[in-house]
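Here the chain labels run A, B, C and D in written order, and each chain numbers its own residues starting at 1.
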Amino acid sequence: MDYVYGPGRNHLFVPGPVNIPEPVLRAMNRNNEDYRSPAVPAMTKTLLEDVKKIFKTTSGTPFMIPTTGTGAWESALTNTLSPGDRIVSFLIGQFSLLWIDQQQRLKFNVDVVESEWGQGANLDVLESKIAEDTAHTIKAICIVHNETATGVTNNLAKVRKILGRATEYLQTSVNLSHIFFLSLDTYFSYSSVTFMECFSCFFIELSDNYMHPALFLVDGVSSICALDFRMDEWGVDVALTGSQKALSLPTGIGIVCASPKALEASKSAKSVRVFFDWNDYLKFYKLGTYWPYTPSIQLLYGLRTALDLLFEEGLDNVIARHSRLGKATRLAVEAWGLKNCTQSEEWVSDTVTAVLVPTYIDSTEIVKRAWKRYNLSLGLGLNKIAGKVFRIGHLGNLNELQLLGCLAGVEMVLKDVGYPVKLGSGVAAASAYFQNNTPLIPSRI
Amino acid sequence: MDYVYGPGRNHLFVPGPVNIPEPVLRAMNRNNEDYRSPAVPAMTKTLLEDVKKIFKTTSGTPFMIPTTGTGAWESALTNTLSPGDRIVSFLIGQFSLLWIDQQQRLKFNVDVVESEWGQGANLDVLESKIAEDTAHTIKAICIVHNETATGVTNNLAKVRKILGRATEYLQTSVNLSHIFFLSLDTYFSYSSVTFMECFSCFFIELSDNYMHPALFLVDGVSSICALDFRMDEWGVDVALTGSQKALSLPTGIGIVCASPKALEASKSAKSVRVFFDWNDYLKFYKLGTYWPYTPSIQLLYGLRTALDLLFEEGLDNVIARHSRLGKATRLAVEAWGLKNCTQSEEWVSDTVTAVLVPTYIDSTEIVKRAWKRYNLSLGLGLNKIAGKVFRIGHLGNLNELQLLGCLAGVEMVLKDVGYPVKLGSGVAAASAYFQNNTPLIPSRI
Amino acid sequence: MDYVYGPGRNHLFVPGPVNIPEPVLRAMNRNNEDYRSPAVPAMTKTLLEDVKKIFKTTSGTPFMIPTTGTGAWESALTNTLSPGDRIVSFLIGQFSLLWIDQQQRLKFNVDVVESEWGQGANLDVLESKIAEDTAHTIKAICIVHNETATGVTNNLAKVRKILGRATEYLQTSVNLSHIFFLSLDTYFSYSSVTFMECFSCFFIELSDNYMHPALFLVDGVSSICALDFRMDEWGVDVALTGSQKALSLPTGIGIVCASPKALEASKSAKSVRVFFDWNDYLKFYKLGTYWPYTPSIQLLYGLRTALDLLFEEGLDNVIARHSRLGKATRLAVEAWGLKNCTQSEEWVSDTVTAVLVPTYIDSTEIVKRAWKRYNLSLGLGLNKIAGKVFRIGHLGNLNELQLLGCLAGVEMVLKDVGYPVKLGSGVAAASAYFQNNTPLIPSRI
Amino acid sequence: MDYVYGPGRNHLFVPGPVNIPEPVLRAMNRNNEDYRSPAVPAMTKTLLEDVKKIFKTTSGTPFMIPTTGTGAWESALTNTLSPGDRIVSFLIGQFSLLWIDQQQRLKFNVDVVESEWGQGANLDVLESKIAEDTAHTIKAICIVHNETATGVTNNLAKVRKILGRATEYLQTSVNLSHIFFLSLDTYFSYSSVTFMECFSCFFIELSDNYMHPALFLVDGVSSICALDFRMDEWGVDVALTGSQKALSLPTGIGIVCASPKALEASKSAKSVRVFFDWNDYLKFYKLGTYWPYTPSIQLLYGLRTALDLLFEEGLDNVIARHSRLGKATRLAVEAWGLKNCTQSEEWVSDTVTAVLVPTYIDSTEIVKRAWKRYNLSLGLGLNKIAGKVFRIGHLGNLNELQLLGCLAGVEMVLKDVGYPVKLGSGVAAASAYFQNNTPLIPSRI
């Protein structure tokens, strides 16, 4: 099994799956348990509460599905949409491409908005489409927050702005809520609708006045827990991530979080689904047993610990750390005289950097050699940028010295394959940034 | 996290998830890895070869999907059938009920053949349906090998007999194969079809002459690796299991194995699917990278070790061990003066025993008390037998003394809740059987 | 490595090393750390405080030495005694024999007080010796609290009584202390002695009036954390245990706890020692770095968790649990028609039961067969009772159903080797006791 | 427990305890076992055979004692020497100082040969002493192969040369052995002495003709498994190491290897010892049960895996890797404009580098800051060089990129504390060396 064993630690810098913290490994090192005993639901309850924090939502409903990111995509789409629904989707790299492929195979009518790989989503096109769509034929906007193949981060706040003035809406909603709640007692005495149904109507009504009703679906697989993400503030309707990315767990949980509007949509969505059906979860949430089918006990304990570690570090500190790691990586790339695949500063990603190599070099050789000589795992270039870029993942459970070791390794490999890099140059640039910007570890002050 | 900790080991006797062997826990205790490095595909290749052995198939194609048993069900159905297809399905307990629910929600036209809970599938009804179906409107037979809710094992060999003379077919196929292979050289020199395509046509043609063409889909979740199961010999088209059952792993891999006929059917099946689509796997199998999306590295290493342990013990010895554990449990139940929920000896299950309690006792109390007082996890009665049975799971990584400890615990709990059991009686009956039938541990002779 | 692997859990019933709780295994599953960083001393400080609780001492000073029980013995002796010192030591089984052998090789002048194996220490002889020793030539009494070879527990309170009226002494000391402390300010202004030195003198002086000055050294290896043990109340001067016994850790820490009187004695003890020298520890205690040489990081974290679990269960509950397990085992032995090696009820041990077998049976065969057929590890008979007894260890991280599984296994093995046991008889007797006496698991009420 | 947790991996660069390989952590993640079952002796037998390879001895007898390096020292001394024996010992740093302290406390008559810290053992003084000692009053030479406090490696081959022409001796011995063995049959028919006793006499006799009879005792704690060490070729009589050093295990096994001459000496050595007595081990070796007291099951399995990994990599490759890591570290130190504490190239250590800091910097601040800001553990300066050096341990389970990450961290910390280092300079120097000298990982070619 360990026939590829090399001495020392492996240096894992693919943009997922990422390095697991030792306390998480420990927490998962356990026998199975009866998930119908009182212990597992009690823990699950805390997880559902706490997992909302990583989405920055209070009104969302999370689902922790035993699947991967691909399954989480499918869950987001099939629960909210019906075959034939028109959706707008942005093609900017391999992962948005795969999601679009899924959308088409699930029989949605996809307006593909394509950009050159290395650019962000073309939001001007979105703006026109929204402006033209007075009939509200667009049912959803699907966007990858961070395209892992090219290291491009899209501007979700801007998407929100295009879809409608969410902020003003929310303001108003708060102002109105006073009156609204005052009249609730009276209202409910004459009505059999639940409070949530009532509130949802109110919500939809209001939003019609202020914004396009399309659902806002976000793939946050390589962003959530690492980049700034604000589900409630940005009015995201479905956001999703996978356990093996910035949460730093093994693969196995697709976490999907649905806004009240998305939950409402799920009631009429006609896409066929069973395994991914939110409704089965909601039934068990009500029963307090939480699980329609067997979860991985080990991953639940792992998630509990992963969340504890994130909150202990502080979510804002986690994001700041990723910002440092991303910035330092880009400074190194610059020092090497190489170009970032990301074409403009506005889109640079703090979780993954795709590095363009000169045409006389095959980037696949870099990845192979890094693994064979230095036990360093880098990401390959995918699809149309295969051979042209290699990728450095800098997300999840990672710190400054790990990254500097990786950058030193990349330098040696660049030299190995014939690129005339000045050894130490990238490390020097990154170190200078770190030395000025890295805070003390809070628990050690 | 361990707020329900009790001293000593927990006694896990639910029929899944089951006890994980220590070597498997060790194998899974590891950091993530790049699944695109050469190491993971190399291991995956051995897994795909070896996993076929637990299905007793040489011609099947396995898929190790990051999902649960419920997802494995969905994969089996959506890859082989189209909405509206007529299928025959047997309702004999909670898990067959849930599968039927899934079949209906996936828009198949299900002939539900119901039995009283505690009985096996009504194969007489199947026989009539097959006999009447000269037009071949039945596209699939769906059957749960072992119904975990009632402890009922169905007779799959008999299903095979009803569907057609598979054995004779196979005999003939062997006889014909001589001629067939002789002519291959000639044949292929004139043709561009692959051998497999050619063989598949041949297969379909032959089988049309000898048996009903309905696909034979089997839920082997609580049987495979524990009960006698023979995919090839019984002509099963899709068989499936989950990692947390007799394989004794954590939840997280749904293993689905497809016959050549099922693979052929998947080419024309119109059910919408993406995450569960076999075709995505087949593409990556051809590439030699194996994974359309990120697998759990930990579960792959765990599966590798679980298979190694099974083969070291010997699959036949594993099945014999389950037979011993099942028999001993039933002898204990008899000694206690209680009835097995399974109504006839022909259906008794060697992986789970559902025990009927007197009407003056609520079986839920037994399960609660076992957990609270003796750290013993038993299975609840489900749905229409809730409160009426409790279940003893005796599958997976388990030995004689563990079971005897459990039986002693059940006796004490029975007394706790007011049933006048003679303490030691069940243990005595089970021990007598073990003392006569348990072989030495082979590695220790 | 696992060439002796058998399916299911192993059943470990030797009287040490014992079963490790899963949370402890998890805590120890970690990389090395710099033991000179601030983290390790901070944890060590809590361990030294908390470890005193398992000795029931507030005045003792504990040493957590990277060694085994044999090393802990050596530490206790060499730090308090000088070559040629007369000591009284009780030979009642293999482990007391080994300690005596060590005492003699360390050049002490040992009065060996021998009992028949199966009997406790002959305290009448001790009484005469103490009475005769008006010249105080006896420097220490060495006694094994629980002889693991025969399952005999000695009466330490009675030893205390023979050595002198410790309780009265302590009473007086408390009464006097008022006056004593009042005069301290005055005293220290004229003196350079430390408070402890001063207090020690006072202590010695007082005790000379009330009790024989011999040091009271106790091997608590198979008693501490399992049997009632009261270092302060019984005036024990050195008590010791090993991590792999009732603390339920791996082997590797010998814990030795010294009374103020023992610490005082260490200043003049002339036995040559370096590795085991308390003084090296005391120096590092003062520095706050705690470790004169490298400790096992893993065992420190393991000990932290083991103590947490013990305190969570409650030390009195732990002792009550061992009492239940011991009593139930003895009831089973009786039901089998066999005799306990322990000759009288006053000495029965709640941590290990040595079972005498009929002369026509070789007990070694029982141990071998248990391991080879049922994955059950029992203790061999040692030295002069080799072949005549087998031992059931029932200490540490163990619960009722585990023991019942073991007892069922013993019954089958007894039958295997030709003893006409009634299967189920021992389990019935033990179950009846448990069913009446086992409380609910507190965390699950 | 993890209150000092920081994100990402810790960077452990103290010269012990060192980083544990993941496969070793896995192997140790297990419950206790009965060490008297057939499994543990069977494994122990392989360990004793294989552990000799790391000492490069075929004639030595190893002892795996549950203790630390300090205990291993004590075992080496007390088994071979008697109180009052004259020994020559070299004081070159904190660890040789501690060993000398132990030697004196064990009542040996120590000729301390002191060097300035940063220099190797003064072998000229040894030469004179040996030359003068025609009466053979010197019973042993004690030398630390690699002084961990100063990063100084002593020349053991030269010590051998001074003690006598070992190589010629061995040559002769081989030539004579032919005659010797021919006469064995005859000899043994008249004699009751064992072959080993006979051979030992022969050995002693011969050696008297060719070399000084002093025992050659070597502390290989921070050298064995990392530096070139040849027990047989250099005629070392006792060599020792600790599990937490280059073997990359947790603390807990002191491995001591004795030559036939040392074993012979142990028969007459009068130092008092019990726990450390080789004779107790030898008795159990003969019985085939191997253990006089309880070993750590976990460490045995860990050692088994550690040895497997070492042999898989190849001991010579392991040594070459340490040579690369050491060289690269020294190049970095030079690039930073700092001095190595080691005063001459002849003594440089490939397992630890002690770096002298300018007088205006307190090296303790460097160590503190590295841990607090970058999760980097460096070694403190000890005793008379406290505050003046910090140490980089580069031994055990370590690779190039880990070291480069560490060097980058040291650079930033140097800048933090006011030393005008050029960031990236050390990394560049080390990288250049690695890029030219690091082979591909053999298992990945």
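One rule holds in what follows: contacts are C-beta pairs under 8 Å (C-beta built on N, C-alpha and C of every residue); 3 or more make two chains touch, one makes a residue touch a chain.
The UniProt protein names, listed by chain, are A, B, C, D = Aminotransferase class V domain-containing protein.
Fair warning: this is a prediction, and the values are worked out from it, not measured in the lab.
Visitor: From subunit A, which chain is the farthest off, judged by mean CA positions?
Guide: With centres defined by C-alpha atoms, farthest from subunit A sits C.
Visitor: Shared numbers divided by all numbers used: is that above or below half for subunit A and subunit B, i.e. same or different?
Guide: same
Visitor: Please report how many Å separate the Cα centroid of subunit A from that of subunit B, as a whole number.
Guide: So the centre of subunit A lies 35 Å away from the centre of subunit B.
Visitor: Go ahead and note the Å separation of the Cα centroids belonging to subunit A and subunit C.
Guide: The answer is 55 Å.
Visitor: Send over the residues of subunit D in touch with two or more other chains.
Guide: 3-4, 19, 25, 27, 29-31, 38, 371, 444
Visitor: Touching subunit A in the complex: which residues of subunit D?
Guide: 2-9, 11, 19, 21, 23, 29, 309, 312-313, 318, 321, 371-376, 397-402, 404-406, 408-409, 411-412, 415-416, 422-425, 427-429, 431-432, 434-435, 438-441, 443-445
Visitor: In the complex of these two chains, what residues of subunit D are touching subunit B?
Guide: By the definition above, subunit D touches subunit B via 22, 25-27, 29-31, 38, 444.
Visitor: What residues of subunit D sit close enough to touch subunit C in their complex?
Guide: Residues of subunit D touching subunit C: 1, 3-4, 10, 12, 14, 16-20, 25, 27-39, 42-43, 66-71, 73-74, 83, 101-102, 105-107, 242, 244, 250-252, 271-277, 292-299, 301, 304-305, 371, 377, 380.
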